[in-house]
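I've put the structures underneath this note.
What follows is a pair of complexes built around subunit A, which joins subunit B in one and subunit C in the other.
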Partner chain A sequence: MIRYLLKRVVSGIALLCLVSTVTFMMVFGATGNVARNILGENATADQVTALNSRLGLDRPLMVQFGDWVSHAVRGDLGPSWTMSESVASALASRLPVTLSMVTIAVAMMALLSAMLGIAAAVRGGWADRVIQIVSVAGFAMPNFWLGLLLVLTFSVELGWLPATGYVSFSASPSAWAASLVLPVTSLVLSGIASASQQIRGAVIDALKQDYVRTLRARGVSPRSVLYRHALRNAMPAALTVLSVQFIALLGGAAVIERVFAIPGMGSLTVSAALIGDVPVLMGVVVTLIIVVVLVNILIDFLNAWANPKVRMS
Partner chain B sequence: MRNRLILSALTAAFLSVPPIAKAEVANSPETLALAGILDNDTFDRAGLSIGHRAQYWMPVFDTLLYTAPDGKTMPNLATEWRFNGDGTELTLKLREGVKFSDGTPFNAEAVKANLEYLRDGVGQNTWMAGAIKSVEIVGPVEVKLHLKEPDPGMLFNLATVGGAMASPATLGKADSKMLPVGSGPYIYDTARSVTGRQYVYKRNPDYWNASAFPFETMTITPINDLSARMNALKSGQVDAGAGEGQVVTEAEASKLTVSRLPVDWLGLFLSDRDGKMVKALSDVRVRRALNMAFDEKAILKFVARGYGEVTDQPFVPPSEAFDPSLDGTYQYDPKAARALLAEAGYPNGFSVTMPDIGTLAPYTPIITQQLKDIGVTVSWVKVPPNVTIAELLSGKYPMFLFRLGSQSPWADFNKFAFANSPWNTSKAKDEKLEALLKKAQFTPPGKEQNAAMQAANRYMVENAFFAPWFRIDSIYISNTQVKVQMQAQNIVPWPRNYAPAK
Partner chain C sequence: MSDINTAQAPIPAATQRRHFVRSVLTNPTGLVASLALLVVVASAIFAPLLAPNDPSAVQIFKVNAVAGDGYLLGGDGSGRDIWSRLVHGGRNTFLGALITVVIAASIGVTAGLFAGFYGRKLDLVARWISDGIMALPALIVLLAFYQALGASIYLSMAVFGVMLSPGFFRLTRNLVNGVKHELYIDAARVSGLSDLRIITRHILLSVRAPVVIQTSIVAGIAIVVQSGLEFLGLGDPSTPTWGGMLQDAFSNIYVSPQAILWPGLAITATVASLVLLANAIRDRMQQGGVQVRAPKVLPLAASEPLPQAAPDVLLDVRDLVVAYPANDGWREVVKGVNLSLRRGEVLGLVGESGSGKSQTAFAILGLLSPGGRVLSGSILFDGIDLGKSSQHEVRALRGKRIAYVPQEPMANLDPAFRIGFQLVEPMMTVLGISRAEATRRALRLLARVKLPDPERVFRAYPHEISGGMAQRVLIAGAVACSPDLLIADEPTTALDVTVQAEVLDLLRDLQKEFDMAVMLVTHNFGVVADSCDRVAVMKDGRVVETNTVTELFAAPAHDYTRMLLDSVLEDGQTRTYRPPMTEEMRA
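Now for the complex of A and B:
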């Protein structure tokens, strides 16, 4: 088990190095207009040159890369070029916002899609058809459109929930929850479709296996067959689709953050990209890769825990 | 048992890592809650901005002078000012008894430190102190600014970023980017503010002019998306924020108040007046023809929804260079435009390359069509949004469409009229214009100087340096809880322009 997880960690580090290097070469190789963007239209050419020099952009690309790597491995992602705070500080305040939104959305998605998927697989017939239709309808709804609809109804018309913004948990748990209800709902509804369909398929497949027939023949209760045996075998497929959803939501959350004016990683990325704040972009890329790698390792761990065959392989 | 333990551990892990930031301050009748389009970038004295971002620093940093909503320069921390005869010295008498919120006294030394820090710093508006050669301390509450040459925009500068006063103890300190200390009507509340999320200001109990700022608390929440901003306004989360033409009907239907004032102008910059890239543009008849090629009234009505005023000049009232008689210089007349082109030797028109800017995309097909009507063929080059300004200023394009903000006339002339002006992107030199500008610069402030600046404006209009279409209204939306006065020459109101409705 430990050897299995170690292998996953090593491949994650390799991925982090590769993507960071490629991203660095792409974004730092195109910093010709950054100083002009920062200094504005009235800056003289001398001022632009001086700022380029101060930012270290007049050095060879490989020297800049070496400098960035030597600081990054010590956890120093440098100062932002356009904001008053450091990259690490900007990430520290934005990452929890996005992570709390996405984590809750995936947890809700796991719960709801498991309920729907199992119900559709076990009951079949009209229940299966209704659940499939509802799932596909959810899939067809763009989450930003759903978000706008929700905010108009529950914030503007009814005044039950805040229309925009984010309140931290430590400041007020209830306000924190209220600020997340609508964004999380927007993210969850469109994601349930694919997850519930995967779970439905995996449960149907598991219920057709020989060992299920044997268990039933031995008189094991249908409830126990489903929850103790079939679901355990269906778990890898469900976990995989949820991990994919988690990663997709990390990227997709940018749209929802915009609709609800939530200051998370998405809005940070968009503003940094528009003005060319390369250190922030690099920080975002590195952070998101680390999150993705950790999520994948967690999923692998859960898979291995649930299914001995995975550990053996 | 094991499953329960794992579930409990996961739940505890999640709950134990709450976001580190602090609370949002909710709106209330004692609070002025604003939505900002842009996030604040810095509180460093040398990096302050006008425009949208002025709202972030103005509550904390009081200015030497201020501009009233109608654009008039008013006393503030400087109670009196006077230029010498040739405009190279500006003496300022300072308000006595004022202190920064860290206890440092506001005096002549503080003014000197601030102006020198801005002049020698790195930022978008260091040019506002660029004309200052030295700052002489005449007395504890009197300074004399020695200028390299007369700067007719100096008073405007001292009423905005140029005159913002930070505690001298903080100038150049690393944490001054995030922790502003000033003598203004409000104190930045670091305990309740979260960078990027919400900026909170509490009343400064020692402020000398508290009655001009009736709210106890002020908050600014950056909300970049227009729909989100409208939702925040409609739900009462914020009291006011910038709007756009497409939401005016929705705002009025929601019983919000819509205020409008022209601040920017939109039009073509006919930059290649030396004809280095497109020879035709060096002929004034061609440039005049381009001024007659566009049906600005229809464009304003159908694309900009009528929120603006058709114009032919690159200045917006109440700029002293604005001359109402210049509007109407060029009428939409494609037939006469074609005749002018033929007279200039281009009966079959010519071809030109223009940058396609995403924010102005609705105008691209109109330009293509209306220039085609007079025989001019446009080929477009896509410009990514993150490099728009740099690309336009690079001098690659012989002409381009752009929306430019208008501030003090001298600041505007410096933007686009001189050979080295940034928005004179081809660096075309016109000695007659520079002579007119020199005359305006060296004429003492007053009616004569205004007339001299209007003469320079007239020269630019008659020689078709631009093909302005219309002045665009800045649209600002507020709820019924506050009254808002629009601010001349700035896209959003200053903090002092808000008051409770009741």
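Now for the complex of A and C:
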């Protein structure tokens, strides 16, 4: 068990190193126009050269990389090129916003798709049809378009919910909740589409197992067979879906944050990408990889709880 | 999204290719989806003919204009024709999706073929890379790379193709692992075909259909992501795109709200047809194209009251018919079985696999596989007609009065729970006793079935014990509530020969101790001779002969019985002696 998790941690660190290196080479290797982007079209060649040397872009790429790594391991991701704050402090204020939105979305998605998936596996009928419709709709409708439709309906036409803007939880819990309703709804639909189908399949598979017949032959109640035995055995498949969906939602949040003007990691990434604020982009990628690796390790823990065989190896 | 599972689908033979395509197209979903896709793609190709206006031409007085006056769907925020931009927008969307799909499929399928075929180190490395790529939030990576890739959306879509290749890789690798040990692949290898030829000729052929499905799904994902990137302002602002149109409509949402509908509908309709097409192909592969629907069942005929059976008869099965739904109505697997079993008697139910003996047993337990039905006949257990009893009443008998010992011990213990819990839980439910009392009884039972160190087995998970031990656990579970009838379905078939004898001995001892009636389902006449009082021989869903063991062995009446007996004797497998009890439990 410990060895298994240790292996996952090492593998996560290796992934982090590899992705950071590749991303650095890509984004810092193509900084030829960055200074002009930042300074604007009217900047003179001297101004551009001066900015390039101030940002350290005139040094060889490997030197820049070494410099970045030696600071990054100490948590210093450098100054932003376009904002007045450091990358680390920009990330520190943005990450909680995105994480709270994505966590709520994943939790809702898990709950709804578990309910739908189990109902479809056991009853078939209406739940099966709902899943089929939701799965096609959720897959085919881009989440930001759904977000736009929701804004149009509930904010522009009905005026029930705020169209844009984010209120922090500490400022007003109720306004915070209201500001998250539409973004979270837009995020979860596609997740439910995929997750409920997977959970349905996993529960059907679990119920087909021989031990289910044996448990029933021993007089175990149908409720226990489904909710205790089948569900526990369907857990690994469901957890895998959740980890895949969590990653998908982190990416999806970028567009959704733009639609609802939420000051999270996504809107930070988009503005940094458009203007070429390379240190911010590096910081975003590194932070999100760490988040993904941590979430995957958490999922592994849960998996080990649900599946005793994993605990042994 | 890309993890829609297609790996288990059977592969149609190459000769059925044309028939396969036709049957996908005759499926209503498949036909509608294909037609819709055809319309969207064709309108993108013939966009210059369909668009009345230059998609980039600005008419300043038509900013956010309503539909009409030459602008079929109105004007956008800059006064351009929405309809013309819509049909032109399809072009760049489909080109982007094509780039993504081609790159994802060629990397993924190639890597999957080689990793699956050669395995080991290559497989390990490829899997690590694939898992790594899948751990990345793709949209964030594309945003981060935007400056490096430049304003062309196609480069971003190419990188996206690399990021989606793990879906193809995993699919292909798993499929190859499934087929590479098939006999025809071995035959090709023995006949001297090179690896490359085997991979391209034989293996590629069998992964084709699932790859087509995956392609359709990936194309859908690519279209959604591309429109997302364009919505965020990435890509070339001078090209009309669906995502760019949505961005424009979003900034004018208060002025001209209907403009957000059209590009979104175009994306949704296109992607939905891709998904539905994939679903149609998958359904076709999984079901052979025919919808299997359970035929209507007539309620069991309210027959005249059954003549009361003799008082010592515990189980009386009459004219039992069991069927499963098939393409053309019901397929009967048990076709009118008659059996009776007295208290304390051991009946052997013998027959080849597929003769319906297990289905008869499951019908008595009320645990037929999903879809299975008792079509007619009656099952009387101690005077109770199980066919006319409610689910609830039958459930109350299970475990308490009718017990079951299965064939595959390892598959019949829930791998996620400790063995102790799996014994304690049913006893608490059935007998209504406390957890402490159930635990005491469970430990006693484990000792009774001669498991060494019952405490350890009680705490163990199923994968920590051997098959022989697992079967003893299952027997302990079956007799836990002192049932009147024990149905043992091939209880020794899956065990080692040495363990078989011990388990049979145990069953026999317990039968005497609890004075249970036992129905022993088996294909082995040795087991019958060893353990049974009477024997019923089944063939094709019917009982062809019933007799006492001695008489049946001495004078088999039915040809089929004689044939079965002869084949056993030829194999020399009959074991009519009782083996000495082994003291040491090597189970």
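By our rule, the second predicted complex is superposed on the first by the 304 of 313 C-alpha atoms of A that agree within 3 Å, B and C clash if a C-alpha of one lies under 4 Å from a C-alpha of the other, contacts with A are read in each partner's own complex, and residues count from 1 in each chain.
Methods note: a residue touches a chain if its C-beta (ideal position, glycine included) is under 8 Å from a C-beta of that chain, and two chains touch if they have at least 3 such contacts.
Being a predicted model, the structure only gives us computed values, none of them experimental.
Chemist: After aligning the two structures on subunit A, examine subunit B and subunit C and state clash or fit.
Modeler: Pair status: clash.
Chemist: Of the two partner chains, subunit B (first) and subunit C (second), which one does A:Y166 touch, if any: first, second, both, or neither?
Modeler: Only subunit B is touched by A:Y166; subunit C is not.
Chemist: Decide which partner touches more residues of subunit A, taking subunit B and subunit C as the two options.
Modeler: The larger set of subunit A residues in touch belongs to C.
Chemist: Classify the contacts of A:V259 with the two partner chains as first (subunit B alone), second (subunit C alone), both, or neither.
Modeler: Both: A:V259 reaches subunit B and subunit C.
Chemist: Could you say whether A:G56 touches subunit B, subunit C, both of them, or neither, answering first, second, both or neither?
Modeler: neither
Chemist: Name the contact category of A:G201: first (subunit B only), second (subunit C only), both, or neither.
Modeler: Touch partner of A:G201: subunit C, not subunit B.
Chemist: Examine A:L274 and indicate which partner it touches, taking first as subunit B and second as subunit C; both and neither are also allowed.
Modeler: both
Chemist: Figure out whether A:A248 sits in contact with subunit B (first) or subunit C (second), or with both, or with neither.
Modeler: second
Chemist: Residues of subunit A that sit at the subunit B interface in one complex and at the subunit C interface in the other, please.
Modeler: 33, 148, 151-152, 156, 258-259, 273-274, 276.
Chemist: Which part of subunit C faces subunit A closely enough to touch in the complex?
Modeler: These residues of subunit C touch subunit A: 1, 3-5, 128, 132, 134-141, 143-148, 220, 224, 227-228, 231-234, 246, 249-250, 253-254, 257, 260, 263-264, 267-272, 275-276, 279, 362, 365, 367, 370, 395-396, 398-400, 402-404, 406, 408, 411-417, 422, 425-426, 429-430, 461, 463-464, 474, 477-478, 480-481.
Chemist: Show me the residue ranges of subunit A that touch subunit C in the complex, using the header's touch definition.
Modeler: Touching subunit C from subunit A are residues 11, 15, 18-19, 23, 26-27, 29-31, 33-34, 135-137, 139-142, 144-145, 148-149, 151-152, 156-157, 190, 194, 197-198, 201, 208-211, 213-222, 224, 229, 232-233, 235, 241, 244, 247-248, 250-252, 254-255, 258-259, 266, 269-270, 273-274, 276, 278, 281-282, 284-285, 288-289, 292-293, 296, 306-309, 312.
Chemist: Which residues of subunit A touch subunit B in their complex?
Modeler: 32-33, 36-37, 39-43, 47, 50-51, 54, 82-85, 89-90, 92-94, 96-97, 100, 103, 148, 151-152, 155-156, 159, 162-172, 175-176, 179, 258-261, 263, 267-268, 271, 273-276
Chemist: Mind pulling up the subunit B residues that touch subunit A in the complex?
Modeler: Those in contact with subunit A are residues 14-15, 17-24, 39-44, 122-127, 177-178, 194-198, 221-225, 227-229, 231-232, 234-237, 385-387, 389-391, 393, 414-415, 422-423.
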